[in-house]
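Common to both upcoming complexes is chain A, partnered first by chain B, then by chain C.
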Partner chain A sequence: MSQRQLTPRLVVRALSLRVADAPVLQGVHLEVPARGVLAVIGPAGSGKTALLRLLNRTLARGPTVQVEGQILLDGDDLYSERQRLRRVRQRVGHVFPDPVPFPGTIADNVAYGLALDRVADRTQRDLKIERALKTVGLWTRDRAELMRPADDLSRGDLQLLCIARTLALDPVVLLLENVTRSLDPVATRRVERCIRAVAEHRGVLMLTHDLAQAARLSDEVVYLEDGRVIEQGATAQVFTHPRLQQTEDFLAGRTGEGLA
Partner chain B sequence: MRLRSPDARYEAALDGLADQLGQALVLAESMVQEALASVFERDTERGRRVLDDDARMDALEVEIDRRVLAVLALHRPVATDLRWVVTTSRAMTDLERIGDLAGAIARVGLELSPHVGLQPDGVMRELGQEVTEGLTELREGWHRDDVTVLGRVREAKDRVGELTEQARSSRLRDLAAYPDQAHRILALAELAAALARIAEHLENLAEQTVYRVEGRDLRHSR
Partner chain C sequence: MIEVLLLLLSVPIGLGAGLYFAALVPEDGLRHQAGVVVAGLSEASPALAGLAVLGVGLQGSQVGALACGWALLLVPRLVRSVERALAEVDPGLQARAEALGATPWEALRTLVLPAAAPRLTGLAVRDVARTLGELAPLLVISAAGLALLQTHAWVAGAAVAWVVAANVLATLLEAPR
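Let's look at the complex of A and B:
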């Protein structure tokens, strides 16, 4: 195993976010492993989505958005002025909760980012499409199948296609934002298998409201509450012996119930 | 028979549990065989090995407990899989106690072997054979998901009960005839009691085999 595989490639240091002067994240530290799945869990409003969206600058600095701290990808500060936005989003891929196909065929969808990335060589492009579709389990040798409109796919397959579209750009880290939220259990399991396959080769940061999913899928877990990291550690450790009562209360469903 | 899930991590977790429990079954069987050999063949070296193996059994119990907790917390198994995980935990508890009892038998051997005096008789040897055969039967039945093992183990337990009673009568006669050998006679009684308790754990394990495979809870059903 090379040092690069062992070393976390995405590192968040003392990250704070204020939106319209209200604190959203406060002093968040975390490391996304070079391979494997890191799950971010926490109650609604804990800052999970904001954290995810800062990591590839979907949420950007502005007059009402103040970001402090560092987000380092292989040592590069993603918020430095030298970083081009398109390059950041290529290296830190992001898949959203609802699968939205682009117009065109299945193959067109996967090729979309490659065209933006100016991958002109057809052989190289086809190879990347094939590799991405194989990883998510949608590859077929039947060319006609790949030329079907993406709209024809089931919702689960559409989400897999969205993951393939992101993977085609060979991101260092993949951000997954509640990607199975709108899927049935069978499609959810297919997407989960795909996530584990992806995590064999790159770091995945997964935001989920489904604690059972976080438990069965992730290697490490971060528990956020009120914009702060309350606890993080190996998933088996956190789910069997959480260090803090706050974490245990959340995992046991005792958070936010207005208990006397 | 449980069907495999497409979730590779889940299957790996269950395979790991099965592997550890398989090791514990083999270890329990071997510990009892060696402990009995240490008594019947007056082989103190084999007795000491049993005591060393007890630490391995304890470590397996701790490891299986840890894995069971992780599987329940991380994968939330249901139905057949849930029974499979729960019975693994219960079976490990019985196996750990069998390990302790094998240790008790080995200590009897270590106590008796260096000295001359009353030796285990044919009834004790027969008792030992019933229990070791029951252990082998149980291990094979567990691996084959063979629910008929319960009937055979219960028959063996009944024979162990009869033999234990015979052994008790013999010990009482020995006590009257050889009062100077009281220490050895009590040690032999301890050996018979340990074997009878192992037979009870075998029945528990066989009942767990049925529960795991068919979902029928046959505890306390006799």
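Let's look at the complex of A and C:
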């Protein structure tokens, strides 16, 4: 195993976010492993989504949004002036909770990001499409199948297609935002198998409200509450022997009790 | 020459301004203010265009009068139609394309506009037809008005005052709150 595979490639240092002077994230430190799944769990409003959207710079910026700290990808600060936004988003892929297909065929969808990058070599482009579709389990040798409208796919397959669309750009890290939220259990299992396959070759940061899913899929867990990292560690350790009472309360479903 | 350009360019100007405001300008104070002006103008009665037709016609340019009335009526309507057509497209398309590295303009050009095109075409054709229909009688009325003006100037003054008052009232009543 090379040193590059062992070293975390995405590192977050002392990341703080304030929106309209209200703290959303406070001094977050975390490392996304070079391979494997890091699950981010926490109650609603804990800052999970804001964290994820900061990582690939899709959070809307404005005069009321203040970001401090560093997000380093292979040592490069993603918020430095010389980082091109397109390149950042290609290197840190992001898949949304609800699958929205682009107009066109299955192949068109997977090729979308490559076309933006002007990958002119047809063979190279087809190879990337094939590799991405194989990883998510949607590949078929039948060309006519790939030329079907993406709208024809089931919801589960659509989410797999959305993952393939991102994988075609060969991101260093894949961010998954509650990607099974709107799927039935069978489709959820397929997407989970896909996530494990993806995590064999790159780091995956996964937000989920499904604690059982986090326990099933992830290698490491970060528990976020009120914008702070409360606890992080190996999944088995956090779920079976959490160090802090706050984490134990959340895992036991006791967080927020007494507020109603 | 300017008048002819105005006639020819009103449609692309209206569509372009609509795209710019609906999809590319951040939702800040400027966009809100522009939205209020466009909403008011797009719902304004043709009397406003009638004033323009009369005013420019007085300067002696019939083509100019036509072009002003045309632009005044059509451009705000097209801006509103673009807004409506884009609002019916899944907003997720834009966000997902940008997450793959597309710029807002690339996302708009490659995904959102093609998805909005059928609805936008229908609305734009309706706007052009409606404007043409409203402009024709205005031209006739303004031609008659011009003839009257040359003999009794006070009639024109009273007519202008009445039209301004009626139009301001109509705009206030029809503008979205």
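Operating definition for what follows: the second predicted complex is superposed on the first by the 256 of 260 C-alpha atoms of A that agree within 3 Å, B and C clash if a C-alpha of one lies under 4 Å from a C-alpha of the other, contacts with A are read in each partner's own complex, and residues count from 1 in each chain.
Criterion: a contact is a pair of C-beta atoms (placed from the backbone, for glycine too) under 8 Å apart; a residue touches a chain by one contact, two chains touch by 3 or more.
Note that the coordinates shown come from a computational prediction; the quantities given were computed from them, not determined experimentally.
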Exercise. Touching A:196, do we find chain B (first), chain C (second), both, or neither?
Worked result: first
Exercise. Now for A:180: first (chain B), second (chain C), both, or neither, which partner does it touch?
Worked result: neither
Exercise. Hey, is it chain B or chain C that touches more of chain A?
Worked result: C
For this session: Could you look at A:239 and tell me whether it touches chain B, chain C, both or neither (first, second, both, neither)?
Result: first
For this session: Go through the superposed model and pick first if A:166 touches only chain B, second if only chain C, both, or neither.
Result: second
Problem set entry | First (chain B), second (chain C), both or neither touched by A:215 | first
Problem set entry | chain B-touching residues of chain A, taken from the complex the two chains share | 189, 192-193, 196, 212, 215-217, 235-236, 239-240
Exercise. Contact residues on chain C for chain A in the complex?
Worked result: 26, 90, 92-93, 95-103, 106, 110-111, 114-115
Seminar exercise, completed: In the complex, the residues of chain B that touch chain A are 6-10, 69-70, 73-76
Seminar exercise, completed: Counting only contacts in the complex, chain A reaches chain C at residues 56, 58, 62, 85-87, 89-90, 93-94, 96, 98, 100, 102-103, 112-113, 115-117, 162, 165-166, 169
